Amino acid sequence: MPSRITTDIDFDRDGRQLSFLRLPHSSNTSGYGWIPIPAACLRNGPGPTLLLVGGNHGDEYEGQITVGEIIRTLDPALITGRIIALPAANFPAVMAGSRLSPIDQGNLNRSFPGDPDGTPTRALAHYIESVLLPMADILLDLHSGGASMVYLPTALARGTTDAARAAGLAQLLHVFAAPVSVVGSPAGMSENRTLEAAAERHGVLNLGIELGGGARVTPAALAIARRGVRRVMRHMGLVADAEDGPPTEMMEVSSDACFVYASDWGLFEPLVELGDDVREGQPIGRLHSLETPWREPVEERFRTGGRVVCLRARGRSERGDCLGHVATARG
Amino acid sequence: MPSRITTDIDFDRDGRQLSFLRLPHSSNTSGYGWIPIPAACLRNGPGPTLLLVGGNHGDEYEGQITVGEIIRTLDPALITGRIIALPAANFPAVMAGSRLSPIDQGNLNRSFPGDPDGTPTRALAHYIESVLLPMADILLDLHSGGASMVYLPTALARGTTDAARAAGLAQLLHVFAAPVSVVGSPAGMSENRTLEAAAERHGVLNLGIELGGGARVTPAALAIARRGVRRVMRHMGLVADAEDGPPTEMMEVSSDACFVYASDWGLFEPLVELGDDVREGQPIGRLHSLETPWREPVEERFRTGGRVVCLRARGRSERGDCLGHVATARG
Amino acid sequence: MPSRITTDIDFDRDGRQLSFLRLPHSSNTSGYGWIPIPAACLRNGPGPTLLLVGGNHGDEYEGQITVGEIIRTLDPALITGRIIALPAANFPAVMAGSRLSPIDQGNLNRSFPGDPDGTPTRALAHYIESVLLPMADILLDLHSGGASMVYLPTALARGTTDAARAAGLAQLLHVFAAPVSVVGSPAGMSENRTLEAAAERHGVLNLGIELGGGARVTPAALAIARRGVRRVMRHMGLVADAEDGPPTEMMEVSSDACFVYASDWGLFEPLVELGDDVREGQPIGRLHSLETPWREPVEERFRTGGRVVCLRARGRSERGDCLGHVATARG
Amino acid sequence: MPSRITTDIDFDRDGRQLSFLRLPHSSNTSGYGWIPIPAACLRNGPGPTLLLVGGNHGDEYEGQITVGEIIRTLDPALITGRIIALPAANFPAVMAGSRLSPIDQGNLNRSFPGDPDGTPTRALAHYIESVLLPMADILLDLHSGGASMVYLPTALARGTTDAARAAGLAQLLHVFAAPVSVVGSPAGMSENRTLEAAAERHGVLNLGIELGGGARVTPAALAIARRGVRRVMRHMGLVADAEDGPPTEMMEVSSDACFVYASDWGLFEPLVELGDDVREGQPIGRLHSLETPWREPVEERFRTGGRVVCLRARGRSERGDCLGHVATARG
Amino acid sequence: MPSRITTDIDFDRDGRQLSFLRLPHSSNTSGYGWIPIPAACLRNGPGPTLLLVGGNHGDEYEGQITVGEIIRTLDPALITGRIIALPAANFPAVMAGSRLSPIDQGNLNRSFPGDPDGTPTRALAHYIESVLLPMADILLDLHSGGASMVYLPTALARGTTDAARAAGLAQLLHVFAAPVSVVGSPAGMSENRTLEAAAERHGVLNLGIELGGGARVTPAALAIARRGVRRVMRHMGLVADAEDGPPTEMMEVSSDACFVYASDWGLFEPLVELGDDVREGQPIGRLHSLETPWREPVEERFRTGGRVVCLRARGRSERGDCLGHVATARG
Amino acid sequence: MPSRITTDIDFDRDGRQLSFLRLPHSSNTSGYGWIPIPAACLRNGPGPTLLLVGGNHGDEYEGQITVGEIIRTLDPALITGRIIALPAANFPAVMAGSRLSPIDQGNLNRSFPGDPDGTPTRALAHYIESVLLPMADILLDLHSGGASMVYLPTALARGTTDAARAAGLAQLLHVFAAPVSVVGSPAGMSENRTLEAAAERHGVLNLGIELGGGARVTPAALAIARRGVRRVMRHMGLVADAEDGPPTEMMEVSSDACFVYASDWGLFEPLVELGDDVREGQPIGRLHSLETPWREPVEERFRTGGRVVCLRARGRSERGDCLGHVATARG
């Protein structure tokens, strides 16, 4: 079934087009309206297509700024090929500054392949998968830790058993050159509802980039995003130049044991910093009782050693919340 | 009028007492209940009294952890005098992890001198001012930037025209030895609804300590809190020893011009880092349009030069939100 | 799968039956209850069946009043055939006075063919389509602009490529004789989730009537509803007499270009009135900034000329909201 | 006690100043922010001062547009004297499009004389009364029926026992020349919490203008607002010219018997139109049962005859809601 | 200051009058409306006045039914004197079925003496104290345990140091003859915000009756209410006859030690039943962990022995919630 | 498709394991977390498996306590076989104390067979049906009337046309020996979304136990639960001993006519008690108007005679709410 989403952007036209995906939505205050999802197409003749996505989660801001800046400032006359961009993909979530859409509680990155008649989040996923991905060669999906987590800037490639695809992804990680690159484990391959799974279904090479987080923006994370995206554009032949930098460190997150989850409710006091190298059994932090502050805090420990690439960025935590995770050197 | 709050803590008894202030509150799910505000008294014979407050705002976590740790771990036999502590002062706000109490939207630090028959937040302010402050010699009120701001750890003393009090406060700042100490300007003296204003009304020397923020906890900010509080305890004669550290830098926030406020709605991209020394007119950051990402962002600028001691820690910002402020070298 | 909805109305029994559809629904305050959807059957021997629906949207009041009046006041002994009526179809929405059901945010008119095990709105759609429509010859679905729009009273017939059906619908429009009649365009035929699409699936001739709106009721719109429904009843042979009136004007809404959508957020100042004949490019109104009232307002323009049959009836508007639409003379 | 609200507008400076009142407000997402209430000063030398207020209630839009237009378009060089304007006075209510502020549920027009330490609505009332009114000669407070009522455009003057003030108000009503002018009854004088009561306390002549309503904007109501305000400006000598129009009709609302209130819950079907002349006992409308549509509707009747100047503009009504009121010829 | 509440009830007129107190209230959906608080006056010539109150708390249903029944069924021609009744006193709370008013979170029974310009709950308290109580000789305020507690039916008299008043109250308890009568302790006299404190201020003898609870109604509790109220009416000479019953047991609640409060959060399993005679230290029940069901439950114990007259009627409990209380034989 | 839920419980391992089902759930405050559903496995060698479920509905507390107690206190060395237990099955509902999950409004007992990619409630249903039920021989699902109903303790067996299964269920009812046992009617067999329908699909014998309710816990209902579960364990050979009691009374609920539903909105006054034997036409209670207390209450009547086994436990009722039901002697 075709999408009900329309747009006045002509993806085959040269030049800069800045407009909206019109996602039909009937609400109590607007009977016949649509949700205006910002979209852009920059094109200059034939060539490769890069699909840039920011705001897959509404509380991840670095990608929203980076993608917005590119579509605002890049002169389409200077590129060869095409950039299609969604700077604020799950737009209701972006407007709310929340991970999930406030309309349908939808997590866009768990909504693929979507449904043209489903909730707004699922209708959008369907459009991205059925309309945009078939046009793309490479997808960069710019995430961060959002309101709940903070990352050492890291580029992620989904695990694959296809050797050619694996090689392409590895090359792309080197091109992007985030401080840390993580090659996904086969375990992650069962998750087929993400945008990266959708990209794989369409043979599109893609990276997910995790840039900072904690509901805020830092100059350092933005700089990494800007440089990495530019390098991928140069790599594709879209632009002629980009700034080089230090090589990335190839790591892996080989199992769920790399993650630490809160075993109780409490106020999270981390005992490590992002980037620390830790050993198995080392405490990641303590959970303090909010209601009985003199209770002995619960100590939480790493289940495997490695580099701390992600930490929980909210004090208040619930049992089951991820408190952080490590990556390990690629074997 | 006396407070309706009761407690089974006997503030004149030696030893460690860990219990609750019972703030009567009738709700739809509890007709005759009370709000259990954690409280502690550690006492060993006569001597000075230190009043320790954490959780004045519910989203400021460092003080909650620091005060909770002291009342849990400090052996009362080893002190001389008394420590009275509220580790989670605005308890409903602490449980919600929010600055304000979800019951009455009360900001405890704008609720003094309070009202025994007022909302829970005002009833608590009245208790602190009418019952606890008269017992205290020194008050340490441990804050942080909360969910919206993040601080370079800073100790603040309220401005005063009383020379003796000013000297006492300056000494206390040197004792606490936060990385930055700020002596308040006379402008701040018109704000009489804060806990520090209440302390001044009762002749209690007090500091407000701003430790990190951004809705999270960092080991570094906690370390400063622990050391500073211990040094004040040593200074008062409550404990014998404490760890010394580098001297504090005495600064001032001389006028509202030290603060930068958002002139529009948008996504805040800071262009400086905490601790940067900036000049007047330098951009503090940009506000990006959420709904039209290709709109030129709004640049916001410092109105005066100085050291960046506070920055907004949330991406999404509204017109009027404080984006940060500087402190200047004390003249 | 059969519906789980039951009723004690016997649709084959003569006389007036006023009761409820019992839609099973388990809530936090009622474990074993049902939602009581008002329903009526007026029958006198064999003959045609008219299905009357009000309250498809809860904020559209004219139909609720008109259908309620008929089932309360019409003597079944004076009819030939049967009237089945749902005066408050999406009952939870009707009770809330909102377009969508507050229970499941369901828009009944986008929920067909429904699902017997789905949310209440979808279960109701399934019942209407699988139980009521098979009994009907003609369906009148009485709408209005609801809380967000206001209409020049207009009868709408869904586009069809079936010539016999098209002729039947055209005749029905002349019978109802609303001030304006609109024959749907083929473009609308892709929308298969409406009650009118369901009617077409069952070979039931049907009109959607748009009567005023703006969250209020006017005597003029009610008079049009009462007369039009009565004329359809006479046309079907259900009743012997009805009041005639001026002929309707046959128009069309040939494309999406007939609609104007807000290009930004703001306070909508219309510059035209309902019924005005406008030309392409003429302003429909202005959007004023709420937060910066001295900003130049955004002017919105008609994309095609025609008669203004619908206008937004709420000052506050969001990008994507429909601000109004025109109909054009039928070519 | 002085207000804590500040502004960078200098009310003694010539020219056009467009900025904000800064109402300090600490929220869970902004620790140190302020609410930015739009404000303007247009001044050209000495002369009279007109205080213009729109958005006293957030769902009354005509005044917001009219005042915003004046401060945006009127060349201050062409005036003699001063215009101080609050186009969106209860700013949080304006942003929410609601009568009351969503922050404190405050009705600004029942909050005078206010309180500098009270809720935002009360702090604003205090600023208007203690800072702005002392500068004004005449106040025009532009209202409408808001979301719940709709008016025949009407200018209202508060009743007074001071003959000179009464004469001044009567003259002002003739100057404004709304279709209907209503001179307040003594009964209204006990209400001392309104802006008009505040104006009287400061010897400022003032009118409240009721312009349409029903949560929407009409060109006709706006035209009346624009012309009336301009005539008052000409009358004051602020501007040289204005468009004249038909004289106003002087009426009165002599007692509570002019008002009709809903005696039950239901869906309101009005049986009269705005501007109708009605007699005592004539039905104003009917209340239909939402949940049992076949129940006999409740008929509501006028308690006194007169001209219908106000009608309820929402279908759904509760017992106690005002359904409309009449004005009577001035005796 | 006089109340702004009006009514069309004439308290000096004979016969049955059933109408409303009109509490002016402006909301987002009704600009000029009033809250319709049901009220009744039954009068037959001169004589004593009984003020009957139900619905002081909205979740206490027995009194609402009892008072409603009396004003509906009692023939005023058969009484001597006057009954003034508020069957649903805190009307917004009654409509919501909650202890507190959803409009202002007001607990009517902690709002005396009220404020004519305060929130609706406080304005109502002011009306009851300033208008109704001065007309009354005796007040019966019919409560129950509401949603959170359940009572052994008990009549309560506020403690007093006035011997004549104490004698009058004791007599009234014997007249009402609830299964248990409790004479208040001096400790309760500091609570001056209740209706019973207001009654004492006006020299009105009054009882508070606690009838069942647990958010439900039982035939047994209703029977006690009906008989007791009737006996008080007979005692006053209002009616000639009433049904006698077993004598009441005079008890007291001498201190806060009679109450047991939850020391933690959990699911409350009571180990006693209402009416049990318990000894100090006996468990009242256990609190089970909701989130870790295998944690050892917390046992809660009576702090003094006595008769269990009240138990918590909700499984889920928070620290500080009252779990029950005992009364002891009157010494 | 396999479940995405994991657990560290090894259901084939001997001993007591107390841990959690990890239901992946991404929220605005936890990007990568899981919902921690308490689970237990007690095993001692080969033997039969009993699956124990409490908290199928979050407001039904007796089962939560009973199951929690068993897994906490029963020594696995003393059993033969295996007990798998979910003491708080719909965990988000349990934490909220509500029938439905606050996350997805899911009623677990209408969510089978579930969906591994559906909402949390549906994902859990899928896990129970696809992972746990295949391991079980007998299932006991401990319910109560929850917040809205209260039961005479009753064991229910789903109707079946399979004679062997019917015999097994009848035996199980005698073993459990609740005061009342109800054999389900064939009418109930169309409901295939319940846990009992799922059990039947897997050939697992099961009972649903209704124990008290009314949002509270009683010692009497708990005693019945404890004894009945123990007897089933003895019957299975899991434990050696159990306490015997009086035999159960076998009854049936043969049709919907056993249920009484509210015909209007109002305050429910029951006129019968649980356990009463009633005749057809006898009043079950009255519905009193909340807003017009002097309106004649609506009397509701039993549609068939029998034993009252269930009554509504909330005063406030809506049309369609179940007010109670009877069971009849088994014919």
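Couple of notes before you dig in:
First chain written, first letter: the chains are A, B, C, D, E and F, and each begins at residue 1.
Here is the rule we use: a contact is a pair of C-beta atoms (placed from the backbone, for glycine too) under 8 Å apart; a residue touches a chain by one contact, two chains touch by 3 or more.
This one's a predicted model, so the numbers in the text were calculated from it and none came from an experiment.
Under the touch definition stated at the top, subunit B and subunit D share these contacting partners: C, E.
Fewest steps needed to get from subunit C to subunit F, stepping only to touching chains, is 1. Two copies of one sequence, subunit C and subunit D, touch each other mainly through matching residues, since over half of the numbers at the interface are common to both. The most distant chain from subunit F is D, comparing centres defined as mean Cα coordinates.
Once the centre of each chain is set as its mean CA position, subunit A and subunit F turn out to be 42 Å apart. In this assembly, the C-alpha centroid of subunit A lies 49 Å from the C-alpha centroid of subunit D. Spacing of subunit E relative to subunit F, judged by their CA centroids, is 36 angstrom. Chain centres here are Cα averages; for subunit B and subunit C they lie 58 Å apart.
Residue positions 36, 59, 291, 314, 316, 319 of subunit B each touch two or more of the other chains.
Pairs of chains meeting the touch criterion: A-B, A-C, A-E, A-F, B-C, B-D, B-E, C-D, C-F, D-E, D-F, E-F. Listing the residues of subunit C that touch subunit F in their complex gives 4, 20, 22, 25-36, 104, 117. Residues of subunit C that touch subunit D in their complex: 18, 36, 38, 40, 54, 59, 61, 64-65, 67-68, 71-72, 87-88, 91, 94-95, 97, 150, 214-219, 222, 267-273, 288-296, 312-316.
Contacts from subunit E toward subunit B in the complex involve residues 57, 59, 98-100, 107, 110, 145-149, 193, 259, 261, 314, 316-322.
Residue ranges on subunit C touching subunit B, taken from their complex, read 265, 291, 319.
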